[in-house]
Every structure is written in structure tokens, then in C-alpha cells.
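Take a look at these structures.
Heads up, the next two complexes both have chain A, just with different partners, chain B and then chain C.
Take a look at the complex of A and B:
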């Protein structure tokens, strides 16, 4: 089976659960930014959890199916339409050969996951089908989709079921405003003053337009004040510079002390900016669903809280699996 | 040097061997990350050495963060007692310094540079008190460089020259980053040189280009078929200045699949290196050319 791309959307890419093991040579994890929604889409159509899907951001693609298929759309509220007829999100539905799948305007969230029974069958590169566009690696020809692309679809290993859906409490989407992102202070936290540290957690930040798979930028909070120092050899003269080091996923760098950037799945693996800490693993999926201008507060937590949140997230995944088993 | 440890969220441990760059700090980060790799600790998923620090990513469902931290601290303390020697490679990288492509690019972005009236090479020669462009190229290419980190983007090496601190070349990044850098540009920022693995934005001074691809996601380049990235942290690089004819020949050879980079296995001892830096570097170069 082949899916023909009639319109590509804004930046639609093939993603699975990612490509661990190559960060030390600058190749990041990649994979879906909202992994929970990606897994949900796959389970809805009877795929293994880590099958490759399409990740569409802000705007959906228009796709034509060569054969009958079962499809599900999860994540952002990006309403699917089949030959113009509205379909439910977070549900599996049947697509007949020759039908066109298009999308209405985005209502909520940022990234939708489009799973097809059988999975998108692009070549596996370094253990994953995920697209890493900066390195022109993986996915469909190492890039976002373009009109005219023909995506191969694999053979479903389990019989796909239409008409299945996921209850609202199992969707794991950001709730409440401002959105709260839990952060463990650390890394180069000591570079800023106590007052700046308090300000960082008490200010309300807003998602800046520069928000993509590499990282999410935030603005609107007070600039951070640095503890004075003599620049170490190799670090550079700006107080926000460090001797170039690795950047953890979720780490929060603040170039010049002004606009925090949280690195995500296509992270640059290292560089010369200090970081105040990192967003905890349980809250990373939520970042993938933030639109520009969304108000956000960073909430200070410790390791025990981070691990408890991680456990809670794992329980949500377990519930999702048993609901669709 | 007292290593500073910090958790980076619940999945990373970051270890800063030293705030400042030095061969000693780099060497320790490389030595420990090699040891961590060999220890095959369950739950460790990424081991990343950097210039003067390192980072380990782990799955806290498999290993408790505090247990891994204790293990890394133990290995860090043990490293101080051993004499650091590593088995590595030396690679010769041909460079066309002062090439037309970086020249065209640096002219296009002149208003973002500290000195709009000079080229990046002229500027860097002046602020490092070197004898013009030729003197600069000699300093840049005479002593070898350590690949002290691979990253930022896929396959991009950061390089630190194997000379005393007072002989290190230093240059600031552009005042505002460029939106374009030719692929395979030899750049320099702070005390680090780099090779841009792909075309794109950049802020480092630009000195030349190599005809030799170092990253190939399609793995069609003959010497990148086994793995798409050429460099590993710990590799030693020796620049070889070449002229335009040699550059064009090398490009044609790469395209025809007959370009064979000169790569030799070497063992490197930091203590022996520090006893006679120039002599040790001459020996390394001898390994490269088989004498």
C-alpha cells in the first residue's frame, strides 16, 4: 500500500519512538515529541507501540490512500475529514482505497499523530525510522514531507480494528493554564544569583514563535542576573557561556540570560551555553503540544518528585495498553 | 581539578571535570567515558564525552539515579590514580585554506564580523600575533589537534590543538551568527576549531574547506560505508594544507569512490606528551606517514 502526499502540511515528518545510542556523535534521539499520543495512535490501529507514524505540526497534510486502510489521529485536536466527512480524533476509522484524508484547522494542542495499520514503512536507519531533518537522516528521504511523495505502508501484523477510541482521561494532554512544566534545577544553576533563581520560577513565560523539534524557546520573564566570574579558558566572554559541553534532553539553556530554550527530541547535542536545569522526563510530551504564546510556569521539583511523576506517567501508559488490549 | 556532578533532570548525570578547557580535563573525560562504556552498566543508554566534561543518560526505571551517581564518582576517583593512555587514531585532513567559497560567504556576512575590513584569516592572524595569513596557516596546521567532542549536529568535530595554553589559537565567534556556512568549512571559535559537517548557520571564524566529506547519511562515500560519521572523540587530526589543484583532484577522487583518507592507529600517553610536546607531535606525524 502507498499513501500519496497531496499537500504536505507545515512540517509533517515520519517518526517512531526514536534512535537512542548516537548522541555522543551528535545524532539526537528524534522520534515523536508527544510519545504518549504516538503510542496511542499505534495501539488504536493495532500496530506495535513503536511503529512509524506521521507527526503533523499546527496544520495537517492531505493524503490519498491506494488501498483500504485503518487510520487513527491522536495528540493535537486536528480534526480529520475523509472525503470531506468529519471523523473523530483519538479513534480508529476505516479509509477506502482512493479516499482522501484531509484536516480541519487546529483547535487545540500542536502536534497530531497519524497512524496507519501496518506503519509507515520507510527504511530503518541506525535502528529507527524517525526523521532527523538537520542531519538529513532517516524518515522519508531525511526530510519533511513534500507534495507528490509516496509513502510505503507495511503489512499489518495484527488485524486492524476500526471504531475503537481512547477516553479523555487516558490522553495525557496538558491541563490548566498556565501550563506547568516541572524542572529539576541543576547543571549550571550556580551561575545565576539567588534572586534570578526565584524570578525564574515565579515568572510566567510564554512560548515564543521559535519552537520546533530541536527546542522550545520561551520569553516574557525577567532576564537572569549572573554571579560575576573571571571567564574560564575556553568558555568565552559572555556570562552565559561555558566551555562547550553536552546538552541533556529537556535541559534549559538561557543564552545571554534572556530567553530560556528547552531542548527536545532533535536536540543539538552540545554547545557553549549554560543551563539552569532540565524539565523532568514525565513532562516532555506536554511540551510537544504547546502552541506559541501559551503561558507556561516552571515548577521547581526534586528527584523524588520527578521519579514519582515518571511512575504516574508509566501507570497512564499501562492503563492505555489495557484499555486497548 | 575536582569533578562537579549534577543531575540533568531524572535521566542524565552531568560531570564537569573542569570549568576551563585543558588537555588534562579533556583526557580525563575521555578516559572515564571509555571506562563507563566498558563497564556496560545496566540502564545506561548514552555516554557522551565533551571537551572538559561528560554526560551519561540512563533509564531510572533500571538503575537508581543515586546508585549510578555513586558508581561514576567511584570511577572518577579511580581515574586520578591511573596513568592515562588511550588507543586512538590519527587522521590526516587535507585543507584548502583561504578558499573561494568561505571567502565569498565571509564577505556576504561582513557586517556581522568584529573587523569588517579584514578577512577571518587576516583578523585571526592579527589578534593572535601571528605573521599574517601564512603565519596563521602554519600555526594552525603544524601541530595536531584532538577531537575533543563530536556533536552540536551530526558528526561535527570540535578540535583542540595539542600545544601549551600560551600557543593556543583563540578567536571570538562572529558578533551575530551567519545564516550560512559552506559544508566542510574549517571554522574556529574560542579555543576550538571545527569542521562543519553540513551546510547551515554558524558563528565560527572561517579559514578554509576540506574536500573530504565527514558525514554521509546515505553512506555512499567509500570510507563512510561502515559508519556515516568519520570522527569519534579522542581521534587526533593533522591538517594538511593543499592547493586548488590538489583540492579539485581530491573532490574528483571522492566522487569516483577512490579517495582513501590516511588513518593510522596510535597509542597516546598524556604524560609522555607533556614531557616533550613538539617531539611527541613529530612522532605522531611520523606514524601518519610511515616513518
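Take a look at the complex of A and C:
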């Protein structure tokens, strides 16, 4: 089976659960930014949870199916339309050969996951089908989709099931405004003044329009004040510079002390900016669903809270699996 | 004659000019064809053209230059 791309959307890419194991040599994790929604889409259509799907951001593609298929759209509220007929999100539905899948305007969230029974069958590169567009690696020809692309679909290993859906409490989407992202202060916390540290956590930030798969930039809080120092060897003169170091996934760098950037799935793995801390792993999926201008607060947590949140997230995944088993 | 709205296809920042030092794409009262660009939406470091989508006359813009927009938000009204 082949899916023909009639319109690509803004930046639709093939993603699976990512490419861990190479970050230390500069190849990022990649994979879906909202992995919970990606897994949900796969389970709905009977795929293994890490099968490759399409990640559409802000705007859906228009796709034509060569054969009958079972499809599910999860994540953002990006309403699917099959030959113009609205379909539910977070539900599996049948597509007949020759039908066209398009999408209405984005209602909520940022990234939708479009799973097809059998999975998108692009070549596996370094253990993953995920697209790393900046490195032209993986996915469909290492890039976002373009009109005219023909995506191969694999053969379903289990019978695909239509008409299944996922309850609202198992969707794991950001709740409440401002969205709260939990953060553990990091190794460089001492670089900012006490007042700046308080301001970082008490200010309300807004998602900047530049936010993407590489990093999520935030604006609108007070600039951070730094503790005076003699720049160490190899660091630049800017107070937000450090001697080059590793950047963890989720780490928050603040170039010039003005706009925090949370590194996400396609991030660079190292460089010379200090990091105030890191968003805890349990909250990283939520970042993938933030639209520009969404108000956000960073909430200070400790390791015990971060580990409890991780456990809670794992329990949510377990509930999702058993609901669709 | 009917009034139609032009919707933003994306969330982001709306610009009425192709560049800060250039004139606006369209003014209130200008006629447009379906493929005319009426503005840009900036998101994820890319600038995406918004097309009129129908031939007609621009009645008015509903948002200002550099305003934040949501996907599906009306940007302008045209008389078709």
C-alpha cells in the first residue's frame, strides 16, 4: 500500500519513538515530540507501539490512500475529514482505497499523530525510522513531506481494528492555563542571582513562534541576572556562556539571559550556553502540544517529585495499553 | 455580493508586509485574485504566505500587523 501526499501541511514528518544511543556523537533522539500520543495512535490501529507514524504540526496534510486502511489521529485536536466527512480524533476509522484524508483547522494542541495499520515503512536508519531533518537523516528521504511523495505502508502484523477510541483521561494532554512545566534546577544554577532564580519560577512565559522540534523558546519573563565572574578558559565573555559542555534532552539554556529554550527531540547535543535546569522527562510530551503564545510557568521540583512524576506517567502508559489490549 | 472571511491556516505571528521596509501586501478596498498573498504567518522560523482564496475586494483587515493569531482565526473580510 502507498499513501500519496497531495498537500504536505507545514512540516509533516515520519516519526517513531526515536533514535536513542547516538546523542553523545551529536545525533539527536528525534522521534515524536508527544510520544504518549504517538503510542496511542499506534495502539488504536493495532500497530506495535513504536511503529512509524506521521507527525503533523499546526496544519494537517492531505493524503490519498491506494488501498483500504485503518487510520487513527491522536495528539492535537486537528479534526480529520475523510472525503470531506468529519472523523473523530483519538479513534480508529476505516479508509477505503482512493479516499482522501484531509484536516480542518487546528482546534487545540500543536502536533497530531496519524497512524496507519502496518506503519509507515521507510528504511530504518541507526535503529529508527524517525526524521531528523536538520541532519537529512531517516524518515522519508531525511526531510519533511512534500506534495507528490509516495509513502510506503508496511503489512499489518495484527488485525487492524476500527471503531476503537481512547477516553479523555488517558490522553495525557496539557491541562489548565498557564501550562505548568516541572523543572529541576541544574549544575549551573549558581550562575544566576537569587532574585533571578525567583523570577524564573514566578514569571509567566509565553511560547515563542520560533519554537520547533529542536527547541522550544519562551518569551515574556524578566531577563536573568548573572553572578559576576571571570570568564573561565574557553567560555565567551557573555555571562550566559560556559566552557562547552553536554546539553541533556529537556535542558533549558538561556542565551544572553533573556529567552529560555527547552531542548527537544531534534536538539544539538552540546555547546557553550549555561542551562538553568531541565524539564522533567514526564512533562516533555506536553511541550510538543504547545502552540505559540501559550502561557507557561516553570515549577521548581526536586528529584523525588521528578521520579514520582515519571512513575505516574508510566502508569498512564500502562493504563493506555490495557485499555487497548 | 457576499462577505467572506479569510482564515489563518496556522498559529503564529501575522505580518501584513513582505519585509519591515516594504509596503503592505494589500490595503482595505484593494481588489484581490484567488492566489494573491494578503499577509504572512511566522511560525517555527518560517514565513508562510496567506492567500486570499477567492477573487474579490478586501473590505477590511480584522487584525493588526504583528498580532498573534490562532489557526482558524479570521484575518480579513473580502467581498466576493
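Here, the second predicted complex is superposed on the first by the 325 of 325 C-alpha atoms of A that agree within 3 Å, B and C clash if a C-alpha of one lies under 4 Å from a C-alpha of the other, contacts with A are read in each partner's own complex, and residues count from 1 in each chain.
As a convention for this text, a residue touches a chain if its C-beta (ideal position, glycine included) is under 8 Å from a C-beta of that chain, and two chains touch if they have at least 3 such contacts.
Please read all numbers here as calculations on a predicted model, not as lab measurements.
K.L.:
Once the two structures are overlaid on chain A, check if chain B and chain C clash or fit side by side.
P.N.:
Overlaying the two complexes on chain A (C-alpha atoms) leaves chain C and chain B fitting together cleanly.
K.L.:
With the two structures laid over each other on chain A, which partner does A:243 touch: chain B (first), chain C (second), both, or neither?
P.N.:
first
K.L.:
Mind working out whether A:299 is in touch with chain B, chain C, both or neither, as first, second, both or neither?
P.N.:
Neither partner.
K.L.:
If you stack the two complexes on chain A, which partner ends up touching A:184: first (chain B), second (chain C), both, or neither?
P.N.:
Only chain B; A:184 stays clear of chain C.
K.L.:
Kindly classify A:323 by the partners it touches after superposition: chain B alone (first), chain C alone (second), both, or neither?
P.N.:
Once the two structures are laid over each other on A, A:323 reaches no partner at all.
K.L.:
Just checking: does A:132 make contact with chain B only, chain C only, both, or neither of them? Give me first, second, both or neither.
P.N.:
Once the two structures are laid over each other on A, A:132 reaches chain B alone.
K.L.:
One more residue to check, A:82. First (chain B), second (chain C), both or neither?
P.N.:
Neither chain B nor chain C is touched by A:82.
K.L.:
May I ask you to name which of chain B and chain C touches more residues of chain A?
P.N.:
B
K.L.:
Note down the smallest distance between any C-alpha of chain B and any C-alpha of chain C in the overlay, whole angstrom.
P.N.:
12
K.L.:
In the complex, go through chain A and note every residue touching chain B.
P.N.:
20-21, 23-27, 125-126, 132, 134-138, 142, 184, 186-187, 189, 232-237, 242-246, 248-251, 268-272, 275, 277-282, 303, 306-307, 310, 314
K.L.:
Using the touch definition up top, name the residues of chain C that touch chain A in the complex.
P.N.:
Listed in rising order, the residues are 7, 9-13, 42-46, 48, 68, 70-72.
K.L.:
Under the stated contact criterion, what part of chain A meets chain C in this complex?
P.N.:
Its residues touching chain C are 10-11, 57-59, 104-107, 110, 209-212, 291-293.
K.L.:
Would you tell me which residues of chain B are touching chain A in their complex?
P.N.:
The touching residues are 6-12, 14, 16, 18-22, 33, 45-55, 57, 60-61, 65, 149-156, 158, 165, 172-173, 189-192, 197-198, 200, 215, 217, 228-229, 231-233.
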